[in-house]
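For reference, the structures are reproduced in the following blocks.
Next, two complexes with chain A in common: one pairs it with chain B, the other with chain C.
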Partner chain A sequence: MADQDPSPALLQWLKRTKLWKSIFRHDFSDTPRTRLQRIFGNVFLHLHPVRTPKDALRVTYTWGMGGLSFYAFLILVITGILLMFYYRPTTIHAFQDMKDLAYAVTLGGLLRNMHRWAAHLMVVVVILHMIRVFLTGAYKPPREYNWVVGVLLLVMTLFLSYTGYLLPWDQLALWAVTVGAQMAANTPVIGNEGPFRLPFITTANDARFGLIGGTIVGDATLIRFYVLHCVAVPFLFCVFLCVHLWRVRKDGFSKQTGEKVDVWPHLVSREFLAALLVTIILFVWSMALQAPLEELANLNVTPNPSKAPWYFVGLQELLVYFDPWIAGVALPGLIVAGLICIPYVDGNPKGIGRYPAMGWKRMGPLRLWYPTERPFAVSVFMLGVVLWFALIFVGYYCRGPNWEWYMPGELWSHRRITKLTLKNLPNLWGGLLLLGYLLEGTPMPKAVKARLIASKGPNAPARISALLHLGLGLVMSTALILPLVTAMDADFPVRSRYPTLFEALGRAPNAPVMSWLYRTVEGLGPALGTGLILACIGVLGAVLGILGLKFASFKDRMFDELGLVKYSIVIGLFLMMTGVLGKVMLRLLFGMKYLIAFPGLSFNI
Partner chain B sequence: MGSEITGQTLWGQLEERFGRRQFLLKAGWAFFYLFLGGWLLSNLKYLFPNVLYEPTLLFKAGRPEEFPLGISEKWKKAQRVWVVRTPRGFYCFWARCTHLGCTPNWFEAEGRFKCPCHGSNFNADGDVIAGPAPKPLWRCSVQLANDGQLVIDKARLENRPQLREQGDFFLPFQES
Partner chain C sequence: MKRLLFLAFTVILTVLFGVAVWQDSMREWTGYQRKFFHSLTRAERQGLTGGIKQVILTDLRRVDRCTTCHVAIDKPQLALAEEPFTAHPGTLLESHPPERFGCTVCHGGQGLATDTKAAHGEVKHWEQPLLRGPLVQSSCYKCHGDLRPIESRAPLLSQGITLYKQLGCAGCHSVHGFGQSVSVDLSEMGEKPWQLLDLTFVTGEENLSQWVEQHFKEPRRVTPGFRAHELPPGEEEIFPTFMPQYGLNDEQARALTVYMLSLKDEHLPASYVRPPGPPDPEPTYASPIEAGRAVFQKFGCAGCHGLDGIGGRRNWNAWLGDEVPSLIPVKQYYDRETLKEFIRHGRQPVPRSNPQRPNPPLYMPAWKDRIPDKQMDQLVEYVLSLGEPLPASQPSASQPPAAAPAATTQ
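Here is the complex of A and B:
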């Protein structure tokens, strides 16, 4: 037997030693038996099953995103540990240590760049992984819980980025964290500036104080974030990662078609190649592009504009449209809660293990490329993703000095004269608008329909539904436009030059619909102008009403299938998402600040 | 008679629920978990430091005659305040946006403070004109020290109309 072994004599001798045999428990010839042994005889590879369906290995199915997230995490752990040798988390040393790492420490710059870029890569890959899992229905039973763990890992990934962002102690770091920490101060009840603050909560004992360990971002914050970033969150992350990977094994892979093949070498070689590719990309990236490092943190001066890292810039843009307790606390919380809810409210068992089939669908004058399978789930989820990235795009490319709107590529000017004006809707009208919007979610359950048919004839449900939706549309458009053209400006004469909201917003540079309406009405004269305004109310009301009516039968069906609780969760989250879009539009087109404002309670919507 | 029966069944129900024999054991575990939970919860307080090593919020800003009429940026970089002198006297803004705590900039041409982080605009009185800030800029207390210098205290703040224009938050001053 030994004569047939083609390896060199020295190696053959080595393999016969006790030392070798104590470490490697099987031989490495390529036989079916050793293929299995390599997997279950190795603690690290043992993460894998020994055999897996062939179709699950297709790159175009998973894009390797889960594995690559893990690999990015490994790179971050290794580069992070190395960076810790030179970094001291104090306000006196931190920035200097960063400079040393970049310019004085051998290969320090490369390590720091890799750490930073790998962090960006990890955020991208984790998000793409989540999208892939959603689209292939891999969160459906029995994998619901693993989706929840995955969402928590996404949150932890972002929190790791946030805490790591402070450590260089440059201007970028300080202001991102100042803003992020101030959002904690706006937490309802336990934040010093949040709505319904408890009477004993002050700036020296609120949620922000607990987060940053003081009243200003300083040494206490730095050591706190250092510990969170280097020890506490990575530890928690590892725990949840173990659960995540273990559940993948226990719940089975979502793709179960195709013959089974050995994981060694079929999967392991693909993983190795992917890791190699990512390593090369990261190396080239880190050698070509320096990780950003601005000047030393200055607690008194904010860079203009001051932008968060790209994955938080969508949140920063969202903060422009809502009070911090909504945009910074409630909405992120609801987004995470909504993501966690998905597998528990989606009762549709179809679409596991494949991307949804797409087809062309006519919708009025438009031809849409539309999922024919799981149409609601897929389009709502993707709408959320697109909205989030649209916010990131606007924040990143369309905002210049003073966070004013600039077209992408437009030259920034720090001295551009822009007299922005925002106004509130009177509370009652705003409340009516909001109520009308929320009532759009009302379904007509089967039982109600049956009773209506029994008492009022077969067409009654359709008639009442049309009446309800068109009525709500009209209520909303009236509650929006009527006060805008008739109400007095509460800021006049102290803070505003114009006595009415119509004039103030009509002359503002940032309310295009209002300025168009104002100019046109001024040109037409009172009688025709009133007619135009009434026509606007009618048209907007009809559009909103018909839009609601389009979804009426779908809502009814969903209510009957899901029941009250699940339906309320789904419709609530959906209305929240489109409501965010609506408020953004109100701000950008109508110059609207709040629908409801109770400044005394810090409660504004 | 009737009440006795109800009493007995109630006692019986209680006994069934909490178990006479198991009572001490269960009470023991309950207290153990209560203690454990309380101890873990009390550790939350551990994250709230009792002593802060932060710079003082009170400083002397020089003699009032040194300030021209209008909004002075002299102390913005060092102390994060704008000292405002009007023909009637002095008041002082804390240069911290009431939205999320960035430092706004003063734009003389427009007569506005604008915040670089989310675009809040404030007028010269510190009132919000545009952007997401929910409240007017805070004003700090301004007083005159015995040596004739302005003393500005950023720990004492006010932004309500009327209240912010009197007391410690406005220093009447006319050059003789």
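Here is the complex of A and C:
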């Protein structure tokens, strides 16, 4: 509508009234001035800049994930407030209120479904947002601080979803929260079941008690989670969200190419359309799929299996491979710390505002689709993401009663009994294996190289590096295989029928490498068998050594660029991540339980 | 383009919202109410309103919305012949006014729900389905501590209680503190969480009453244990259940099921509960042996040792032929005092017939002083008399125990 438009006289009169002018402080003509005024004059739209580069608006660049996670939060706040009208956080009422919502409240079922599905959507969208920001290098200076705020928002998103999980007070809620709370009980030092527990820590004052407000999940937990879910965490979330959005505004958008366009209407209209589309998707989703509601919570009946909320099922799956304090406390803590560290240890100034270029790269017989820009950062981060979701997939779809392996879609049977044979490495050997693994991260700094060249000739650094890596590989493979074929089984004769680890694991159905080795050695006889075992040690050592050697020059370069502290952080986190993968392999292929085990201290790795 | 998209999205969203509201206003119960109101004349419709009806039972901690569809349940003058518009049959509602009792306290089901299937509780994650047919009798025991006045209304329940006593269930199971602890306590059997049941071998509907009934009829089919090939190598086998197969007929199994379902730990307000009546007068017995037989019956010895101690109940891997021993030869091995001592201390575990296999699951419990001295004397007298030649022929254990009541009057 232009200024001199032929709108009805009544409207023209209305526009001249004080009331109108006090609400709409600008006219609606499409001029550069009103476009500006719309953004400036509106407290909500003012989160946007007035003008922004055109390329920054492309959906293929942003995936729209930042805005959508904010919109998902908005939906959750609105549906959540409406749900609060119908909900009483006590154990005798909560479940009944869920039934009321489903059967008696007008559109109550839709409301609850929408809240539930939007919560899942928000977790997914926030994670995708993080992946996008990482891939486009948007965490690099000057946006490091905002990345940290973003990571904290991710943690809060998960915690919000987790606290909300309890509120329906059904079996699903109770036991998912119990699984999570039990991880808190395994916190080192302040958890009743964790390692290095302080002498005065009991079930009535440990970390789990702090989380659930009692020794069992009950009324106290319900009101605690309710307040956290509806007031405390959303409040904190809003504060951090303000900071997050404000920093986006102040630090500028990571994409700065293309001509500048007005945010009104170019960005605002896109946001509006995206929000509409997501609302439609959520609406259909909520009409088609009911939010789950199982039996009334019963502390005396544990469902088998009890699973954590899906985004924590990956950690629950890790419980198979690690002690609870590692899987439930140390690893998630390190993941969050590692994410926070990323902008501070990544000194590479390249790759801001664009996706890394990809290319085909030959690696031995393999052709890999590989980032040619920021190869290390991108591949390590994406490996972590894939690992996280792979673990979630396994935990959610492949685990049945007694946490036994089932193929997705396979019928669960409570009568299936599988007996796994799992053995610990003797502590000294396991310690040696772990030490060898950690030492694989050793770089050769420039200064050392120079000194070596000066004293031992130009080829000395390469020789020494080869010696170091091959030596470490050999140490690792010896520390793994030698005890497995020679050590006695500590469980014999009480819990094991065979006196040696080799026999016990070789006859077990769940250690394919060991049973292959056992059968082959048995067939070959003692002399040839010993030869085969030595060959295995040699081959595995060589493979591990050459793998380390491949990265040797990269490590050296990284060390020289980053310095000791940053390098240690990067290599530590990297080794931790691949170590998780390695431990999974050891368990699945070698029937390995722990490398180092001090059960008295609850310290098992 | 954007304007078009905006328009399309807005239209879709509006339509979706409309559909949601329409769906919500067309729930199943609205159809029933419309149908019912159409069947009424204008005069009959006076004073009736539509919408969700509910009985809020603060005392019973229940909210029953059943009358939303069962609109005429307490209005016989308006009722139709077709469900759900029928009136409550019989005169029970006079003594159990719906305003005070609601529906689900007797009939089970999900009072809060307003969809047929969910309200009848025949959906996943609801463990109190509608008690169809005679199963509803199991609810009488919640309040009526004394069943004698209402026996004609709850015949199956009474029969179940009688059978429980006759078969000697108390020898292994206890209910509210009476009975042995050889097997599970049945005091809360009626509200056993389904997640604790193995429904793998239950045919038909998978629920508690089916499990109980089929377990009464064919215990070893429902709980078959684990045979060697189902177990990983080296694992100790798990025997089938040691619950004896009593050869019950359908009615007997149903009656016992009704009794089991009635065993609940539901604390109803005192104003609802009728106290148990005075105990039956102690019958007089012609001889100590007859009195001993009653003791044998009361403490459930027959559960394992068979009616009149004939033996024959399966006890896996027990010496003397995988069975609970018959009591007929007792006289040849025990005198009065040693037999008393044996009953007081029991035998746990029973020696195995094959030492490679696990212990027999059944054992003779230690009765200690649970059997008072006088009754113990009578019991011993009776057990020792079993070896005496009797003029009448022994009843066989495999016969249906319906013949058993004759035992006390023999």
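Note that the second predicted complex is superposed on the first by the 599 of 605 C-alpha atoms of A that agree within 3 Å, B and C clash if a C-alpha of one lies under 4 Å from a C-alpha of the other, contacts with A are read in each partner's own complex, and residues count from 1 in each chain.
As a working rule, a residue touches a chain if its C-beta (ideal position, glycine included) is under 8 Å from a C-beta of that chain, and two chains touch if they have at least 3 such contacts.
Since this is a predicted model, take the numbers as computed values, not measurements.
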Q | Which partner reaches more residues of chain A (counting touched residues only), chain B or chain C | A | B
Q | Touching partner for A:Ser553 - first (chain B), second (chain C), both, neither | A | neither
Q: Quick one: classify A:Trp175 as touching chain B (first), chain C (second), both or neither.
A: first
Q: Using the superposition on chain A described above, determine whether A:Thr106 touches chain B (first), chain C (second), both, or neither.
A: second
Q) If you stack the two complexes on chain A, which partner ends up touching A:Thr578: first (chain B), second (chain C), both, or neither? A) neither
(Q) Just to be sure I read the superposition right, which of the two partners does A:Asn300 touch: chain B = first, chain C = second, or both, or neither? (A) both
Q.
Contacts for A:Arg415 in the overlay, against chain B (first) and chain C (second): which applies, first, second, both or neither?
A. both
Q) What is the contact status of A:Leu319 with respect to chain B (first) and chain C (second): first, second, both, or neither? A) first
Q.
In the overlaid three-chain picture, which partner chain does A:Leu276 touch, first (chain B) or second (chain C), both, or neither?
A. second
Q. Of the residues on chain A, which ones does chain B touch that chain C also touches?
A. 298, 300-301, 303-304, 415, 417-419
**Q.** chain C contact footprint on chain A (complex, rising order)
**A.** 92, 96, 99-100, 102-104, 106-107, 110, 170-171, 269, 272-273, 276-277, 279-280, 283-284, 287, 293-295, 298, 300-301, 303-304, 413-415, 417-419, 497, 509
**Q.** Residue numbers on chain A that touch chain B, as the complex places them
**A.** 175, 178-179, 181-183, 186, 204-205, 209-210, 213-216, 218-220, 298-306, 316, 319-324, 328, 399, 401-404, 415, 417-422, 494-495, 510, 593, 599, 602, 604
Q | Complex contact set, residues of chain C against chain A | A | 2, 5-6, 9-10, 12-13, 16-17, 19-21, 23-24, 52, 54, 61, 63, 65, 110, 112-115, 118, 125-127, 193, 195-196, 198, 200, 226, 230-232, 234-235
**Q.** For the chain B and chain A complex, residues of the former touching the latter
**A.** 44, 47-49, 52-54, 76-80, 95, 99-105, 107, 109-110, 112, 114-119, 121, 123, 125, 127, 129-132, 134-135
